[in-house]
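Supplied in structure tokens, the structure appears directly below.
When the chains are written out, they are named A, B, C and D in that same order, and each has its own residue count from 1.
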Amino acid sequence: MAVRQASLRHRIAEAIDPELHQKPGLSPFNRGVVAAILLLILIGVLETEVHVIRSYGGLMTAAKALLFIFFLIEYLLRLWVSPLNPKVRGMVHFALKPASLLDLAVLISLASPFLGLEAAVFRLLQLLRILRLARLGRYSRGMNLLFEALRSRSTELMLSALMAFSLMLGAATLLYIVEGAVQPQAFGSIPRALWWAVETLTTVGYGDVVPVTPLGRVLAALTALCGIGFIALPTGLLAGAFSDAMRRAREDRLHPHHDPHD
Amino acid sequence: MAVRQASLRHRIAEAIDPELHQKPGLSPFNRGVVAAILLLILIGVLETEVHVIRSYGGLMTAAKALLFIFFLIEYLLRLWVSPLNPKVRGMVHFALKPASLLDLAVLISLASPFLGLEAAVFRLLQLLRILRLARLGRYSRGMNLLFEALRSRSTELMLSALMAFSLMLGAATLLYIVEGAVQPQAFGSIPRALWWAVETLTTVGYGDVVPVTPLGRVLAALTALCGIGFIALPTGLLAGAFSDAMRRAREDRLHPHHDPHD
Amino acid sequence: MAVRQASLRHRIAEAIDPELHQKPGLSPFNRGVVAAILLLILIGVLETEVHVIRSYGGLMTAAKALLFIFFLIEYLLRLWVSPLNPKVRGMVHFALKPASLLDLAVLISLASPFLGLEAAVFRLLQLLRILRLARLGRYSRGMNLLFEALRSRSTELMLSALMAFSLMLGAATLLYIVEGAVQPQAFGSIPRALWWAVETLTTVGYGDVVPVTPLGRVLAALTALCGIGFIALPTGLLAGAFSDAMRRAREDRLHPHHDPHD
Amino acid sequence: MAVRQASLRHRIAEAIDPELHQKPGLSPFNRGVVAAILLLILIGVLETEVHVIRSYGGLMTAAKALLFIFFLIEYLLRLWVSPLNPKVRGMVHFALKPASLLDLAVLISLASPFLGLEAAVFRLLQLLRILRLARLGRYSRGMNLLFEALRSRSTELMLSALMAFSLMLGAATLLYIVEGAVQPQAFGSIPRALWWAVETLTTVGYGDVVPVTPLGRVLAALTALCGIGFIALPTGLLAGAFSDAMRRAREDRLHPHHDPHD
């Protein structure tokens, strides 16, 4: 009986704990967890909208009750099998991990109908749990490539951010000087002009704040043209870094132990 | 006589069926089909505009009648020669293919003056037929390069989509918390705030919904700056993937059977 | 005396005709021509603005008179030395070239005060003359790289344009179906909806036309997200093509006659 | 005693002058200078906003007084140790350098409460000092890569700027011709239409100026589609150049003195 239970416990541990999972990819159970998290987030998003609550309020309450039961069972199972993972020192150690505390907070938020905003935030934080699951499985290689490329060019990306910051501040100061007197509401201080500078340099361009004097428009046009470089520089850097990382990965496959990584 | 007709049927089959066409590129007949589809789509687009109907209604009805005759003949010819393609098991098998049923639906939509919206949709779906024709001929190599590059980086593109989705949801939740009370129409629920988040992160920036509180603007500026990465990351990934695919294609040409594809 | 004049004519021909110019780059005379064209275009731009005419009308008339004299002398000199270029069969052949006729049209537009719009267009076309001058000199290698990269990926760029066109048409049709009844002015026909689709997919986002129904906004958000790919795909293709062209140019320098160009 | 003071002076010189600093990166003292400059700029930005002045005016005056003392001491120390740098010919030579004069101007602007706008500009110029500090230390390699990539493709970037300029002028002229009579305020002259052309081609799209005639919208849609190329061309060029520069840097590491740089 003890052997059988231990065997069941091991099988559950293998299905639940991604680090103990043998096959590549997520286990069917963890795919279900991802689906449940996405459903919970969807409900969290929709239940802030009064029109949806009115029409589907009952349905959503029922779904939340089911999700509460699912996450409760999942939490207890994970707690039960946690000692089988060599990195975990007992159930208490597992229960006090930040990820486990977050799972507990989500459970409480599902059980107590009085929590509003806090519940929404807890549930959003569960997106991190999906990212954590994605780190394992077949996404880990892709994530490594992304982060390696970003890290290998971190200095250049920092420098282009510094240049962008200078450009943004310079443009805001100039527009504050030129348009401040004409449109005090929009350009009456550098912080206000920065709002315009950000939406221009990122090419968002809401249009709620627009220069009206001829000189202001000339400066704004120059700023918008600089905005091209603002986008082109980091994009080009990332493109070069990805191209470099892919070439390196391929050369390593062809000639292992030959090409020194920097 | 039978030989002669068979020969004519083979010649027609070669001109109509791109898979039986010997020379590179599309046959003159199929170029005419592409032109007829584009004309049909143009008419479908224009006839939704009342001002155009008033001025050129007669001309467009005549053009549609001619296109009906052209597509009817083309449909019957394709049906007639379909058994010559070894992949097709008889005319009935050909007639029941989804592509043939769509062609039939377009024919019916041209013949019946009562169909409005459905006709427009059928005709748009014919764009797929142009893409299908483009798959063959000289575009096939280019299409392979595009899809191979997209597939080789599908994991990284999925991950950047997941990050973008998290960012979008996070920005919408924050703005809902900060601006929800001030602008209930625009930010009164997370789904409403998502509309703002999408137009900001994609740098579209219609400006119909704009934060007005200082804190809301600070958060929106940070979101817009993140929008740069939102565009730069997939663009950089695609650029790296295309660069990689082109290099691989060239190396294969230089040293065939030497470089293992992953 | 005849020898001396011929020598002067040759020296002028060398200074004026970029194809006969010996040294790299533009001759000082042709640099002056570029400056005069840019000045003429600047005047053409500014003299459409009533406020500028009022303040600086006299100055601009004087500048145009000087430019007329300069371009007249330049035209006559070019005509005189044209037979020295082996590609030109006599002065009449030179005078009837489209480029020479355009120069003449600019001269006439400068002399006759009655020409308005036509003069502006003639002057803008002179930008082509600057591009023609740029083709020679040190810009020719850069231009070759640009055009070679564009040509080498023309199939893929065409395909991505075809996909973009389908996407644009599909988005416009959907929004016409969903928003047409609510906002007939903006979405009452597919051509009208196309205006919205273009400004959304290119991420311009003026905001003069915005969907207001929930379903319309969901579709518009999906369209805006597709707009990212709309920008990322051609940018990535160009980046890959440039990267490829630069690598090829460098390998040719290292190992000439070894690497077959496709 | 003299030896000891000289030793102290040398130690201070090493901490203050980045060119005399032995270890990689900035000295702790210069990190403090960067922080002080950023704080000064932050105060300069915030003190233009009346709401901030009202709430935190006293705090900011105190911070400025402390920063004045800090920069005064720093200025005097730099002046004192400047002769130890072999590139500097005495204290007067150092004091008359543009960078030192700017530091002095910032000091004066901090001491005199009457300077407003000039003070803001002086402080912004201090961003250059941060960039100057960044040039040394570990950012120098990244900066070299950025500038080398930009310089290696300067011809192509200039050409794409020339094309963009032609496109912008052409679009503005066409819209002036088509929309000028309908919207004289927005398109009544080419300089006015240029404002629209810049915000369209850069995809900023404020929406304050939008064509309303059908032909104007067709032309504007084509312009917006060209705007994609306007962004894609320089981005692709930069991506290719960065990819090329990174590959070159890596090959140099692998096979030094083998690959000739162009």
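Here is the rule we use: contacts are C-beta pairs under 8 Å (C-beta built on N, C-alpha and C of every residue); 3 or more make two chains touch, one makes a residue touch a chain.
Predicted, not measured: the structure shown is a model, and the values here were computed from it.
*Asks:* Call it same or different for chain A and chain B: same when shared residue numbers make up over half of all numbers used at their interface.
*Replies:* different
*Asks:* Could you give the separation in Å between the centres of chain A and chain C, each centre being the mean of its C-alpha atoms?
*Replies:* Measuring from centre to centre gives 42 Å for this pair.
*Asks:* Just the number, please: Cα centre separation of chain B and chain C in whole Å.
*Replies:* Distance between chain centres: 30 Å.
*Asks:* What are the residues of chain B that contact at least two other chains?
*Replies:* Residues 194, 203-207, 231, 235-237, 239-241, 243-244, 247.
*Asks:* Considering only which chains touch which, label the overall pattern as line, ring, star, complete or other.
*Replies:* complete
*Asks:* Which residues, counting only chain A, touch chain D once they are in their complex?
*Replies:* 153, 155-156, 158-160, 162-163, 166, 169-170, 172-173, 176-177, 188-192, 194, 200, 203-207, 210, 217, 221, 224-225, 227-229, 231-233, 235-237, 239-241, 243-244, 247, 259-260, 262
*Asks:* Under the stated contact criterion, what part of chain D meets chain B in this complex?
*Replies:* 203-207, 235-236, 239, 243
*Asks:* For the complex, give me every residue of chain D touching chain A.
*Replies:* 41, 44-46, 48-50, 52, 117, 120-121, 124, 127, 130-131, 134, 138-139, 141-143, 145-146, 149, 194-195, 198-199, 202-208, 230-231, 234-247, 250, 253-254
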